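Presented sequentially are two complexes of chain A, the first with chain B as partner and the second with chain C.
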Partner chain A sequence: MRTITFRIQRYDGSRSWFQEYVIPYESGRTVLWALIKIREEQDPTLTFTAACRHAICGSCAVRVNGHSVLACKTSLDELLKVFQTDVLEVTPLSNFPVIRDLVVDWRPKTERLKTVKPWLIPTQAGSAATGFAQSPQEYRRIASPTDCIQCGICSSECEQLAENPRFLDPFILNRAYRFAVDSRDAAPEEHIRPALESDLWKCLHCYQCVTHCPKEIRLDQEIAYLRQQTIRMGETDNPGARHALAFHDDVRNTGRLDEVTLPIKTEGLLRTVTRRLPFAMRLIRTGKVNPLQRPRPVRGIEGIRKIYAHVKEKEGKRQ
Partner chain B sequence: MRLRYGFFPGCTLESAAREVMIATQKVAGALGIELVELEGWSCCGASHIQDVDEELALALNARNIALGEALGAPILTLCNTCTLMLRSAKQRIDEDEAARARVNEALRAADLQYRGTSDITHFLWVLVRDYGLENLRKQVKRPLTGLKVACFYGCHILRPPQVMGFENPWNPRSMEMVVEALGAENVPYGERLSCCGFHAVFPAEREVLRKTGVSCRSAREAGADVIVTPCPLCHMQLDMYQPDAQQQFAESIRIPILHLPQLVGLALGFSPEELGIRRHVVDAIPVLEAKLARA
Partner chain C sequence: MLQYDIVVVGAGGAGMSAALAASRDRHLRVAMLSKVYPTRSHTGAAQGGINAAMGFRDPTDSVEKHFRDTVKGSDFLADQDAVEFFTAGMPDIIRELDYYGVPFSRDEHGRVAQRPFGGASSPRTCYSADKTGHVILHTLFEQCLKNGVEFFEDWMLLSVVVSDGKLDGIVALDIRTGEIHPILARAVVIATGGFGRIYWTRTTNAFNMTGDGTAVCFEAGIPLKDPEFVQFHPTGLARTGILVSEACRGEGGYLLNKHGERFMARYAPEKMELGPRDLVSRAIETEIREGRGFGEGLQAHVLLDLRHLGREKILERLPQVRDLALTFEGVDVIEKPVGIRPSAHYTMGGIHVQDYRTCATPVEGVHAAGECSCISVHGANRLGGNSLAEVVFFGKYAGLGAQETARHRDFGNEKRVVAEAQRWARVFETMRKKTTGHNLFQIRDRMAETMWYNVGIFRTEKDMVKALHTLDELWEMYQDAYIGDSSVRYNQAFVHYVEVGNLLKLAKAVTLGAIARKESRGSHAREDYPHRNDGEFLKHTLVYKEGDRYRLDYLPVRITKYPPEERKY
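== the complex of A and B ==
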């Protein structure tokens, strides 16, 4: 008889260990089915949370073989096929304090969520009596971000958060975005500025959040939007914005990135000279970088500049 | 079999990662893969221009793709991020008619038109899907027997799967399959799907250097001789910044980093010098000399 072995990370409040459970294989089952079966038939002390079983309450997220999933939505057959195995390791979400076994503590996240004011700051355009009408286009902007079920998978997968607890969880950035783009919201800056102040530019572009989000929310595009807005707000005096602007300007100049001036544009001449010299010397020594060799304008640079002019003109008109 | 691609080198192949250009041309020549460089290509935006102006990023990459379409060939890149940027633009334009109309209005200023006729692919995918591992195996002149390789995929060849879609991003196998075809030995380790952090090395220096160190240490402790990556940006992060990352660790994290085309080139019989391996910050030559038989 084919079986599946679950190695589940246990935690009793002080001690942590892996415990193995073997269950008979059944086709067409989910991770949550297996967890419930183990609890009911083998070990009533195994602790995890779940409620809706329909990928809607967001309470059943765990990690399987290092990847965060909704237990109720994730097919065992899929996992066994992807990992070519009959052994699955189940651990609690990363980047959360663990309370017991697979249950994590949401309270610190909820506190941080408040910083982006995850509520509507209403415009004068409507009232409680008349309501706030939105056009279909206006609604479409908030449709995807509103799909978030706060399951914590993005937090668990975020590679910046793993190194830096100051960084806001992707679902919190999603919430800031959701209200910042809402046509009924009068104060987008009040949602965006707290994100900026919590290391918005430190997102690594690793796309782990987007890859694992059970609702396929394009958090990468939302983060890009928040960054664009901070630049529009005049917040350009930081390494992240200066770095992005350097690319933006270099391509207009020559069509290519100028690696030699990039650090200076990003960090300033002083910091570059005082901090980057050993690094620069290392690159010059191995022949990686030749400070005298700089990009010349590519063929068709006039066309590129016309594209810039065209896009900027349209954007001016649209605003 | 005649494979022909519009070649999009990306900025790093012209500067800090020139060795990838050298190695790729050697390997493509030996395998009979024709690479026609797109004339007048521009920076893909490197995931940064979109943070300033999304519409502009879209139009610039539509221009790049249109250059490839004019050649009537698929576009091949060597850099994960270039691949992602070009594929993202293509997907957006192909799915959104209004975006396509706007982009083509912008391109008219440059006498170009986006048609949607060229696919965008990566050197790794070309080896596996177009050239074929069986054919590659037949070209091996010096099997890399005994060389222990840790594959480091890099984010933008896998994620987001909605845009990349070549293989399952949770357990990809393409790199390992190439390594195996070349006769080398795969070494499993914890960080093979991690982010190198390159895109945030300025704003998040401390975090990124730590990640660099953890990735290198993890491969080293697993017993790998080298890390190999299909992305020149991952290479820059893991190689050029390795001495800086070392400062955050008491134990040695030292491990040489090879570009995928260099690994292929070694198996095809080219010398490390011919593949630009002398240009690396972390010297890979001693371990290659110790492990590899003469071609």
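== the complex of A and C ==
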């Protein structure tokens, strides 16, 4: 008989260990089914949370073989096929304090969530007695971000958060975005500024949050939008914005990046000299960059500039 | 010792609405207890929508029509003054939710979009795609954060302490630390949801819908009203019982038997698939019993066919429905029909609320709202889209009622609350240290099985008496249950032990109410009494628990406008 072995990370408040459970294989089952089966048939002390069973309550996120998933909607057959194994390792979400076994503590996240003012700051156009008018197009902008079930998978997968506890969890950035683009919200800046102040530009573009999100929310595009808005808000005096603007200007001017001036524009001359010089020297020595050769406009630069003009015109119309 | 002016227990739609309304008075300290993180609450699972006669989609719709539909849907067991109050207030609630930021789907004029729903004479169900409950729950959570409501998540209600018909306080378990706390409060709002888990495996409910607040109030002497009325949702997925939104019928889906017939023509020739839930559920079960379904036993089902709606409409309006069918049945509804069968969905009965304006119960200081309560606006059968409406609406009025109570009431008897906490601490200790006894999961599963087969969609006296014996036997076994976890920290086995105890008490009340109601009305279908009997049973059941004794009583239905008539669709 085929069996599946679960290696589950346990934690009792002081001690952490892995425990193995073997259950008979059944086709068409989910990770949650297995966890329940283990708890009810083998070990009533195994602790995990789950509620709705259909991916709307966000209770049951865990990591399986290092990947964060919702236990209720993740097919065992698929996992066994993808990993080519009958042994699955289940661990709690990363970037959360663990309470017991697979149960994590959400309290610190709630505190961080509050920083972006995760509530509508209503415009004068509506009132509690009248509600608002909002067009279907305007609704569509908030349709996907309000799919978020706050399951914590994006937090668990976030590479920046793992290194930098200042960085806001992607689901919190999503919440900031959701209000920033809501036509009923009077103060997008109040949601965006706290994100900027929490290292918004430090997102690594690793896309782990996007590829793991069970609701397929385009967190990458939302983060890009929030960054653009900070520039529109006049927040250009930071390395992230300067880096983005340097890209923008270089490509418009010559159609390519000027790798000599890029770090200077991003980090300033002093920082570049003190921190990047040995690296720059190595690049020069190996012929990767030539500081004497200034980039000239590429062939077809007129076309690139036409694209810039077109985008600018379209944006003008949107505003 | 913890002390609050108002404690709200339960952080779903009703609890958060209550906390929000109560916390507007900055002089009152409001705390909110929840067994789970607030956004995990089951309100989030409501997909289809929230009813309010806005008249946007159909200008001929009116509060009056919503009132009438709700009374008719209730099979005339709803209290009409309460229904009138409720339906008249709903349009304002929608505007308020809009102002809080609920992302409603919109019509071309920028107004909140509305769709048709079962049992409604006009399309009045406001919605946000098929995640209406989810977005309302999250929006209320945001507003509670804004108002600085104090959350105690992972706290479970164990007792409501009452002396001389008045609230003293409550006792709750901090699941994380294992500490059991006495909490003093001038007023409490119980908003802990329904108890569909008495049918454990065949229910659309989340695992934690174990009726904790209802059972605790029942134990404290507050009667249960109309517990025998349990709604079975017609469209549970065949294999798991997971809910597929009523929106799939609202948007025009067909129900087909194995001959490919739209069999609803036999049961509701006018409304067809848009008949009310109880009628559609019984129609499906009848098709299965008479051999026109697919499969056998617990695998039997009929088909829900959405193909004719077309890819675009399905993706636009029913994306979650498609996703559910794909994940849990492996069927893409754009290409194939999906197997469905009724699944226990909603408990119309609950904590007896005697004043619908404040949601006050017979015990001074205790208010209740949402599925845990029975006001009654749903009577013998709830209409789709009326539960989200109820939680937000009556949650708000319960919060305002509790505010009023807290302003004029003092704290109760501290000693009794402390003593009750100590009693629970001893129970916890005993259960942690116990090394043998009956398996808790087996007790639970036998309860569910006996309820599904004997007190389910079709009921007879013989079956239900059998169920009663089994429940008594299980209660005996429960006294010697074994949980198998000695941990103080996050002991879910103990939490589940308390939950199963709650379910057993509630299951017995359901069965007693159902045996005594010798008629068929709304969701309560007696094969031995197939007709409604207004002469004898146009009244609410009240079940009291006095120690181990259960006692039945009745209460007249308040009829203001619509005298009972035959319910046809």
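Things worth noting here:
By definition in this document, the second predicted complex is superposed on the first by the 318 of 319 C-alpha atoms of A that agree within 3 Å, B and C clash if a C-alpha of one lies under 4 Å from a C-alpha of the other, contacts with A are read in each partner's own complex, and residues count from 1 in each chain.
Rule of thumb we're sticking to: contacts are C-beta pairs under 8 Å (C-beta built on N, C-alpha and C of every residue); 3 or more make two chains touch, one makes a residue touch a chain.
Not measured: the values here are computed from a predicted model.
Superposition model on chain A: chain B and chain C are shown accommodated side by side without a clash. When both complexes are overlaid on chain A, the residue A:P136 reaches chain C alone and has no touch with chain B.
Vertex at the C-alpha centre of chain A, arms toward the centres of chain B and chain C: the angle is 140 degrees, rounded to a multiple of 10. More residues of chain A lie in touch with B than with the remaining chain of the pair chain B and chain C.
Following the chain A superposition, chain B and chain C show a smallest Cα-Cα distance of 14 angstrom. Chain A uses no single residue to touch chain B in one structure and chain C in the other. Against chain B, in their complex, chain A makes its touches with residues 65, 67, 82-84, 159-160, 163-164, 199, 201-208, 210-211, 216, 218, 220-221, 224-225, 227-228, 231, 238-241, 243-248, 250-251, 255-257, 259, 263, 266-267, 279, 282-283, 286-289, 293, 295, 298-304, 306-312, 314-315. Touching chain C in their complex are the following residues of chain A: 12-13, 28, 40, 44-45, 47, 49-59, 73, 75, 99-101, 103, 106-107, 110, 113-114, 117-120, 122, 126-136, 138-139, 142-143, 146-150, 179, 182, 184-185. For chain C in complex with chain A, the touching residues are 36-37, 39-42, 44-45, 92, 94-101, 103-112, 128-129, 131, 134-135, 138-139, 142-143, 145-146, 151, 153, 176, 206-208, 240, 242-243, 320, 323-324, 327-328, 330, 440-441, 483-485, 487, 489-490, 492-493. Across the complex, chain B meets chain A through its residues 11-12, 14-18, 39-43, 45-56, 59-60, 63, 102, 105-107, 109-112, 155-156, 158-162, 168-171, 194-195, 197, 199-200, 202-204, 206-208, 210-211, 240-241, 243-244, 278-281.
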